[in-house]
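Both complexes below contain chain A, partnered by chain B and then by chain C.
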Partner chain A sequence: MPSSDVLGQVPGFSRQLSVLLLRRGSLLAFAGILAVFAVTAPHFLSAGNIANVFAQSAILGILAFGLTCVVIGGGSHVVSGGLDLSLAANLGVCAAVYSSLNNAGVNAPQAIGLTLMCGLAVGALNGFTVVVLRLPPLLATLASMNLIAGLELVLTQNSVLPTDSAVLDALVDGVWLHVPALAWVLLGTGLLLGLLIQHSPYGLRLYAVGEYPEAARAAGLNVKAYVFSSYLLAGLCAAVAAFCSAAYFSGSTTGSGDLLLSVVAITFLGVVFSRRLVANIPGTLLAALLLGFLINGFQLLNIASFWVNGVQGVLILLVVALSSALRQEEGGQ
Partner chain B sequence: MTAETPPALHLQGVFKRFGPTRALDGVDLRVERGSIHGLVGENGAGKSTLIKVLAGIHRADSGTLAVDGQVFSALSPRQVEALGVHFIHQERLLPPSFTVGEALFFGHELRYGPFIRRRAQAREAARLLREYFDLEFPPGALVSELDSAQRQILQITRALLAKPKILVFDEPSVSLVKREVDQLLAIIRRLRDQGLSILYISHYLQEIECLCDRVTVLRNGRAVAVVDPRTTSTAHIARLMVNREVSDMYPKPVITPGEVVLELKGLGAGQAYRDMDLTLRRGEVLGLTGLVGSGAKPLLKSLFGLVQPDRGTLHFQGQVIRLTSPRAAVHHGIALVPEERRSHGVAPLLSVLENLTLAGLSRFSRYGLLSARAQAQESDRLIAELGIKTAGHDAAVQHLSGGNQQKVALGKWLSRDGVLYLLDEPTVGIDIGAKVEIYRLIARLAQQGAAVLVLSSDLPELIGITDRILVMHRGTLAGTFDARQVDSDRLLACATGARETVATPLTPAREPEHAFV
Partner chain C sequence: MTALAQTPGSRVLLSRALRGVLPLLIILIVVFFSLTAPGFLSVGNLSSLVLNNFVLLAIVAIGMTWAVAAGGIDLSVGTAVDFASLAFVVLLNAGHGLSVAIPGALLAGALVGGFNAGLIAGLRITPFLATLGTLFIGTSVQQLLSEGGQPIYIAQHVLPGITRLTWLGVPLTLWCVAGLALLYGLVLARGRLGREILAVGTQVQVARYSGLSIRLITLKVFLASAVACAVAGVVLSSTVNAYVPMSGNAFLINAMGAVFMGTTLSRTGRANIPGTLLGVLFINVIANGLLLIGWNFYWQQVATGGLILWVLAFSFASRRLALQPR
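For the complex of A and B:
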């Protein structure tokens, strides 16, 4: 690669420095935002409010965990890399499926099992279109997003399906050690996926597959199976998030697709919390909480919530621009 | 070694045919145990096919492979690995965001139950690097923070984890600098002394000479000689590699060079190339060649504004200019016909007419609207003149053969009058008839008073169609030759850094970098 000869002279030192700045900078920004709200917003730092933010971040956070897995397995290139745009729609259809089953009187284990299967099935569909049909993930999941959003409409007739079950009650009202159950679900899912992705051979190989498929192939890994499995994980995350959503809103709701922008923002924001500038589970958790505190702070300060959308947009732009600039500097090494 | 010891690797009578071409025409290759065996040959001699047959990626049509005396007619990649044959490719297959430990062990991680033992991997990696190579990498370093040589060493260590018997190095020194190459060669010698058998493939005859115990020379799919590089000069090996006749396929009109069009003074760009001086006059065809990594390609790109030089000056028609973008280059009348003509040279989905007129649309437009008639006239003229075989000017370029696509790519620039033409590997992958027509075209460009710079690795072609030839080697100008007085052997020897002929070019080599080892 001749161009890398030229670019290769950019010293590693300056890159390390910029990574350090980016990482420390984002942590500092996080701390700064907390500090500003702590001073200006009433009751921001109260234990109740913090627990509340954790619980409110559960839906977005768990969806973002799913997207994180897909981005790791498909590579972090924003256009050609791994992406699952159908996550939010998947949540919608899973919530609708659970509500319908529950209202139809199906017993709890069956309803829960079938809902999880529904999430997995959507994940399998995405995996199939990406791995077997070789569509770019961006287009494949855009198509499946529309498909399952349509399915949800058929199922719900575009209305809210209110439902109530012991499981949902436990999720929304349950408190353990002064921490709400939804927060436990977020932390628990994060812990499980964190162990799987950051600390197991599966996770390491998934990174290899996403980052350098030829290297993974040379190491004897079944690249397609790993990519496929990342979409299954995403589908599972969507189903888990669907329970949180159904608990939070007491049933299925319309307009779950609006979550998508936040999910993408959280996942890409999570990248800056790692030394290697890669998508990762702890970073995604931090980013989800950051966004949660931001929304919460705006609410406490009575700032209109549409500002949050603007802030998210700016964050996506910043993070994507910064990390692709750094990646370019890395050149074709 | 006793006579009964079977060789580590023995290929006998391997044939491989792709369509009408015989890529391998009965190759024999014998690598003795505990020795370093070199494999050399020109581009297209069959080296990469041979390696792919050995790796189990291609299946030989006939012939046998023997590893340690066990004879096979075909192998799968998995079998090859199980037999202890491992490959080090020129690309380093390591994910850039991995730590040294992770990159070394991924796929065969050290684990504690279901979890990776990251610390143990890092410790083990450090121990292995110390044990095999006496090297220490910065603790906690990521692959992206290592230099090319360190990555190469990591790649070798990864291969060594599997306890191989035979290591195959496929052009491992490309994109390494001299010091790193020396380090690599020392490591390979050390591996041989530890008992491994090594097959070493390289363009660089210098490395072959100071490293290998035996060398097999491939030419046109045959092993034409097995020599001892300690008693055979590199120039002789180079001659064995080429041995081709320059036919009269090269039309070369006599042109008196005009004014100077392009002059470079001490141009350099990063580590890609440095200290480049050259002059190019109107009516002159200048050849440029060099191996991968020699800097010839970045130099060509600099002249079209694709790579920014950071030292020296570029004079164009008497003025010092800076080419900051291809747009600026086109504005000055510089045209590039790129090598990747499918992706860069032509728009495959557009018609022949559209492609031919794309570069000079302003000539065919009036009040901002295109004149279909003027376009059709000009493209029909070019189609006839260049002998482009097409159903008509409305045919899509993607349906044309490679040679005809290349003619369209050239014709595109003929439809506007360039001052300097840069041709990057103009005849790669096209048949001999189309080649000759392209040579005629080049000759005509020069006759019309344009200056032409041809980058090519086809040496007989360069000798046939150019006036002077510049040879680059590892980023510097290694020699300038008069095309009438040079042969492929000397060019190749110069490009590969063989000593014997470096002393005789018109311009002495700038740097005695290949001092005898």
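For the complex of A and C:
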């Protein structure tokens, strides 16, 4: 990175400037992408289309909120820091649990409650392996991902479980103020978690635990409890995303594990929208929407969807290279 | 555990015992299946277990071992497998012989490794995110080249049939694993490069101050990892007589599991080739045995996930005991 050498000369001011540029730059890039699509793609800026993108981003966005919580609580180092690779599998098993409960005639509140419990239970399992057994999150959640994906297969026999309920109908067809219900779920979850993580004492302490665990411990915080709670939040997010997925696909589907890599990508893309270059809820929301708009724009322009993965990959690399260059200034290594 | 670990002597003993957990578990599982699963110990089953399941995962995991030993991870092993497989099939179908197709395949795999190394050593992206990006880009490239994931079959008349060749009665693919394991294992355990890799993997600052070129070592590690995967790509496409897009990703999770289970064998919890091979064996024996006693594929995955979690828990408990200050 040539820029890292340039930045090194005047630490204080030029770093602030470059962080500002990077942050504004990423917002500008976002706006630029939107502008290009607005000019070239027909109906891109129509209210209906934008609402659709929000709704379609709900599943990935909510899963990425969960991962964001875990990354904040565990620190951003990818191997030893916080990571939850089981999120997508958790969504799969929650959707399967809800579909089979609903099909078995269990009443709505019980089915919903048990599904949320299922998500929380997976989160608790991850929390247990990370906090009590002290496995690195990468490995712990990799193993639990295998376990849960297996349970989903056992439950569904690797087939689609179609289901239909009033809740799912409301989610997929409901419209309030011309905005689809799934978009409201995304925005609502984002708002709740945003308040909890960015604007509450709990969130502040979670950041402290993730970034400076020793200092947090010295300050009297129960580090283990906070890390554990971040996995519970992730499990809850997976369950909420499972309802969106079940509504969107009218039941549980196979292959939910394919979502995982996009979820990781969105979470680490979201980092670039924050001033201190840390994972954060609003950034994750923006990154999820950015990806949603990209896919949508490609569809409207009739560009093969094969490009989407590549663009996503280049975006991650670009963002991470830029932010790691900036962080090296700070860390001095 | 705290009661046991009070005196240094018992702590060392316990740590040693925990280190033996993986080999012991494999022996127990083999005994269990030979008693309960009919035909588990038959020549037909064992050779199919080794040739169909063990070989490919072992080669990929050998490559991954180096990346993990250097303190990184390689999520793009599947991409290297696929690129090599694609180059191999295309070159064969274009009328070139094996003498062109195999080096071409290795080169294609090495390209992926070089790209990773450029991102990690050049742009200083963490290996996890760099190889994640490579995985995404590799998926797109493959989709574009194969019209969305259509397999490319090896034309009938150029069928190489490498997988059916034997030497001294042992299939060529097994020699391949043995050769790679010996090469990567010896370099990692005895060679100068191996010590440098472990230095970078455990104490990167110390390695840097000792004058090691982290970038050069990173380049070597990720090239070596990708070349091993390229060998797996050649074996894979000559086994199924085709290039199937994105098929390499199936190895990723199990390869990671095998490498990290293999770290149990090392006192300090480092990735090592013998451990990795045992890990691969563990995963394959369980899958095969459960299949034979009539568990379906779905329960196999649950059991494998649970057992891996268990072995990992032991592995890290043992490492903490070993590394505790006396």
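The rule is short, and it goes like this: the second predicted complex is superposed on the first by the 321 of 333 C-alpha atoms of A that agree within 3 Å, B and C clash if a C-alpha of one lies under 4 Å from a C-alpha of the other, contacts with A are read in each partner's own complex, and residues count from 1 in each chain.
The criterion applied here is as follows: a contact is a pair of C-beta atoms (placed from the backbone, for glycine too) under 8 Å apart; a residue touches a chain by one contact, two chains touch by 3 or more.
None of these values were measured; they are calculated from a predicted model.
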item: Chain B versus chain C as contact partner of A:Leu221, first or second or both or neither; value: first
item: Touched partner set for A:Ala208, first chain B, second chain C, both or neither; value: first
item: Partner chain(s) touched by A:Leu151 [first = chain B, second = chain C, both, neither]; value: second
item: Partner, of chain C and chain B, that touches more residues belonging to chain A; value: C
item: Which superposed partner A:Leu133 touches (first chain B, second chain C, both, neither); value: second
item: Set of chain A residues, in rising order, touched by both chain B and chain C; value: 1, 333
item: Residues of chain B touching chain A in the complex; value: 81, 89, 91, 93-98, 102, 106-107, 109, 111, 114-116, 118, 142, 144-145, 148, 175, 269-272, 293, 295, 297-298, 301, 307-308
item: Of all residues in chain A, those that touch chain B in their complex; value: 1-9, 12, 15-16, 195, 199-201, 204-205, 207-208, 211-212, 214-216, 218-221, 276-278, 330, 333
item: Residue ranges of chain C in contact with chain A within the complex; value: 71, 73, 119, 123-126, 128-130, 132-141, 143-144, 148, 205, 253, 256-257, 260, 297-306, 308-309, 312-313, 316-317, 320
item: Chain C partner contacts - residues on chain A that touch it in the complex; value: 1, 77-79, 129, 133-136, 138-140, 142-151, 153-154, 157-158, 261, 264-265, 268, 304, 306-314, 316-317, 320-321, 324-325, 328, 333
